[in-house]
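Take a look at the structure below.
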Amino acid sequence: MSVVDISGVSKRYDRVVALDDVSLTFAEGEFFGLLGPSGSGKTTLLRSIAGFVEPEAGAIRIDGADVRDTPVHRRDIGMVFQNYALFPHMSVFENIAFGLAVRGVAGAETAERVRAMLALVRLAGYEERRPRQLSGGQQQRVALARALITRPRVLLLDEPLGALDRRLRQEMQIELKSIQREVGITTAFVTHDQEEALTLSDRIAIFNEGRVVQVGAPSAVYERPETVFAAGFLGDANFFAGRAAGRGDGLGRVRVEGPGALLTADPLPADGDPVTLAVRPEKIALTAADAAPAPAGAPLNRLDGRVVQSVYSGNSITYKIAVAGAELTVFEQNRASRPFPAGAAVRLAWSPEHSVVVRP
Amino acid sequence: MNLARRRRLAVFGLTAPAYLWLVLTIFLPLSAMLFFSFLTQAPFGGRQAELTLGQYGAFLDKAFYRTLAWRSLELGVYVTLGCVAIGYPAALALAKHVKGRWREALFLLIVLPFWSNALVRTFSWTMVLRGDGLVDRAVQAVFPGAPSFALLFTYPAIVIGLVHAFVPYMILTCYISLQAIDDSLIEAARSLGASAWAVFRRIILPLSIPGLCAGVVLIFVPAIGSFMEPRILGGPAGIMLGTVIEDQFTMVFNWPLGAALSFILLAIVLAILALAYPLLRRSLQVA
Amino acid sequence: MRRGWAWAINGYLAAVLGFLYLPIAVMMVMAFNQSSLYELPVRFDTVWFEALARNDRLLRASLNSVLLALANTVVATVLGTMAALAFARYRFRGRALLQLLLFPPITIPWLIIGTSMLVLFFWIGIGRGLHAMLLGHVALSLPYVIVVVAARLKSFGPALEEAAATLGASPWQTFWRVSAPVMAPGVVAAALFAFAVSFDQFVISYFLAAPGVSTLPVEIYSAIRKGFTPEINAVSTIIILVSMGIMLLVARFYRFGGER
């Protein structure tokens, strides 16, 4: 049985639809990412699980029990807020001990458990500090310790790393994941940063305009997006719009204006129906136009093009290539010592497996 | 839904006491007075009172009352203009010229007298303005033999007293507006070639209008209804709508007339507020 | 800005301050002046303060003022804080209307509020006196208390209380352990404010004073109207110093109090 079961949840605020028939489940010990642009409903869903938002339709069950009539303070949850919400008038110790204090846990046991928590988040010795004396990363760790000490059933994180700078974010991502693994708690977290979602999640749900667009493991969602939105939001994609044109050699053909016929390994609709293909920039290989042709092997999609722009990022180069009827983005690891300059004539090639059929 | 109902109950429970109190002490009394303004006489002591429009009629018939209303409005205008003339430059100086800790200290110093006892403040003006008071003696010291410069019991004395009472209001509201003007706006304007005067006229002044309006409304309204300052500082020259209303309740005991005059004053106040509302709407949020 | 400008501006501000404090300074000087007839040069004497100590009427009125202000502070702070909690922490329909209803007490001229209270209270038998004045003072204080406390609550946002709830604290526990300590500086500032509003209140007290029972400002007013007794200078000096002292405390608590 799943730990959290969300079924058919909907919520509106006046005219705005915040959640539209959302259904998800979180399994035991899972680190579940809720990803989407601002206003897509992911935070609303998180707050619905916590109990701050009352859905108008649908049900949320924790361990099988419907929590509709359970007030926030009786749901067995822990939450870390975007700005940490540490109690300014209490010390680090008192902040972390709060959950135990309101349950009437004895002093000796409280002290022991608080110290254990501080060790877990590597802040031993900070007991007497005040929140305003702590850095952002330290406050975040105190907030996490505070939420975990009561051993809740579910941990909810609302953009937990949003307020940190880039380097600190990356460090904290690793730490967060390792703490979650160590404690084994079912966790749901909200983020608009797709890289973070990919790094941390065991499974991701992509949100758009109140609806769940796709759910799955990071690699599954990334390699096989189901919609244009999913392909474009999680990573980058080149899109080709065309019409189905039959199959041959086990591969589907899509007639696209400009490039001609493109091959895909995915199933196609009936001939003549519109089809959209998505190709990730890093799946396209570039060779100089005047290089020797590659030996014949498995059929590939091939196009000729001209480099419009190349952006050098140290370990990688991003190209904008003009091909017949379109401009494509290609992403190459910096293996050659000289990237293609603007204006160079190049050949693009990618496998039909990497032409993904996506719904609009 | 259980949680939604609990929330509504909480809101009701939290706000009901305060608002019931306000109903009993503000809104019910106003309604009662409205009712009284339509009576021929106060219905106490076994006297019979009938409904009439006569009290309001008295306002329209007797030129005395109209002159009175006019005088009160006039007083309001003078006081407000005085407050603008003195207060706006002070607020501007405080917001844009003074820096650092001085700013807070000065702000506090300016607002402090405002929060002290109005009666006592007005009373202290009598000592400055009376014949033989500070002003008189100062004038005598500089020009010996000059006629007595007794300002007490004159119209200007009322204006001075009211300006003194209300100018901190103006400084406060203008300061809030002016201080919210980002310095980078001014810097951008100067970089585009605007002189100091142009910056003031085109940027600072327009952006400070809400504060100015708030101040004008906050000063004009109490000024036209004042009775304590006109009496103490103006004596016989201090007959205003406010003092006449006071008389109806404390000396003449013609409560219906007092009620009618009060509502006419209130109508004027509401008209002013209605005019100013669109300009002030944004600054009126509580939370 | 050129040097000359800076001096002119500072001079102007000094002049404005001078204008604001001039009458108060004069009154305080006169309070210590031996002469009852206002003669110069000033001879320092505390005779009027001593006379004040023997003036039963003024002393009784002072006591009334203080007691009334204390009662007003308690009632207005409790009622106002509750309402502020509703405004700052809940979304509800009718919110705009309730906010609007806070304006009549501060925008309607006190003359009208005072006289209308007199009319209603007399009519329904509440009558005049300290209890009537309390009703009026609280009404005047409520909007200020609500605004000050709501602002303090808003500066912290609901996140702290939400965090407490997720940690298992019931609404009651949340209030006492989190909301109250955090809101304390704002509540103290509002309470001091309410005290000052009541202590200095003249107009409402004037209309609702019963014969023999009045507050200090009302007594001062009738003394001024009847004839000048120099004790008035003395008591006025005390009042002004007390009021300004309270407002300094308000400023301290409102701006610099607490963790922020």
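General remarks:
Each chain gets a letter, A, B and C, in the order it is written, and its residues are counted from 1.
In the analysis below, contacts are C-beta pairs under 8 Å (C-beta built on N, C-alpha and C of every residue); 3 or more make two chains touch, one makes a residue touch a chain.
Since the structure is predicted, the reported quantities are computational estimates derived from the model, not experimental observations.
Between A-B and B-C, more contacting C-beta pairs join the chains of B-C.
Using the mean of the Cα atoms as each chain's centre, the chain most removed from chain A is B. Note on chain placement: the centre of chain A and the centre of chain C lie 55 Å apart, centres being C-alpha means.
Averaged C-alpha coordinates give centres for chain A and chain B that are 58 Å from one another.
Between chain B and chain C the centroid-to-centroid distance comes to 17 Å (mean Cα coordinates, whole Å). Taken residue by residue, chain A touches two or more other chains at 51, 71, whereas all remaining positions touch fewer. Chain contacts: chain B has no residue touching two or more partner chains.
Remark: chain A residues 51, 54, 68-69, 71 touch chain B in the complex. Across the complex, chain C meets chain B through its residues 1, 6, 9, 12-13, 16-17, 19-24, 26-27, 30, 38, 40, 79-80, 82-88, 90, 92, 98-99, 101-105, 107-113, 115-123, 135-136, 138-139, 142, 146-147, 150-151, 153-154, 196, 199-200, 202-203, 207, 217, 220-221, 224-225, 232, 236, 239-240, 243-244, 247-248, 251, 255. In the complex of the two chains, the chain B residues touching chain A come out as 1-4, 6. On chain C, the positions that touch chain A within their shared complex are 159-160, 162-171, 173-174, 177-178, 181-182, 258-260. Every residue of chain A that touches chain C in the complex is listed here, in rising order: 50-52, 71-75, 77-79, 81, 83, 85, 87-89, 98-99, 101-103, 130, 132, 146-147, 150, 156.
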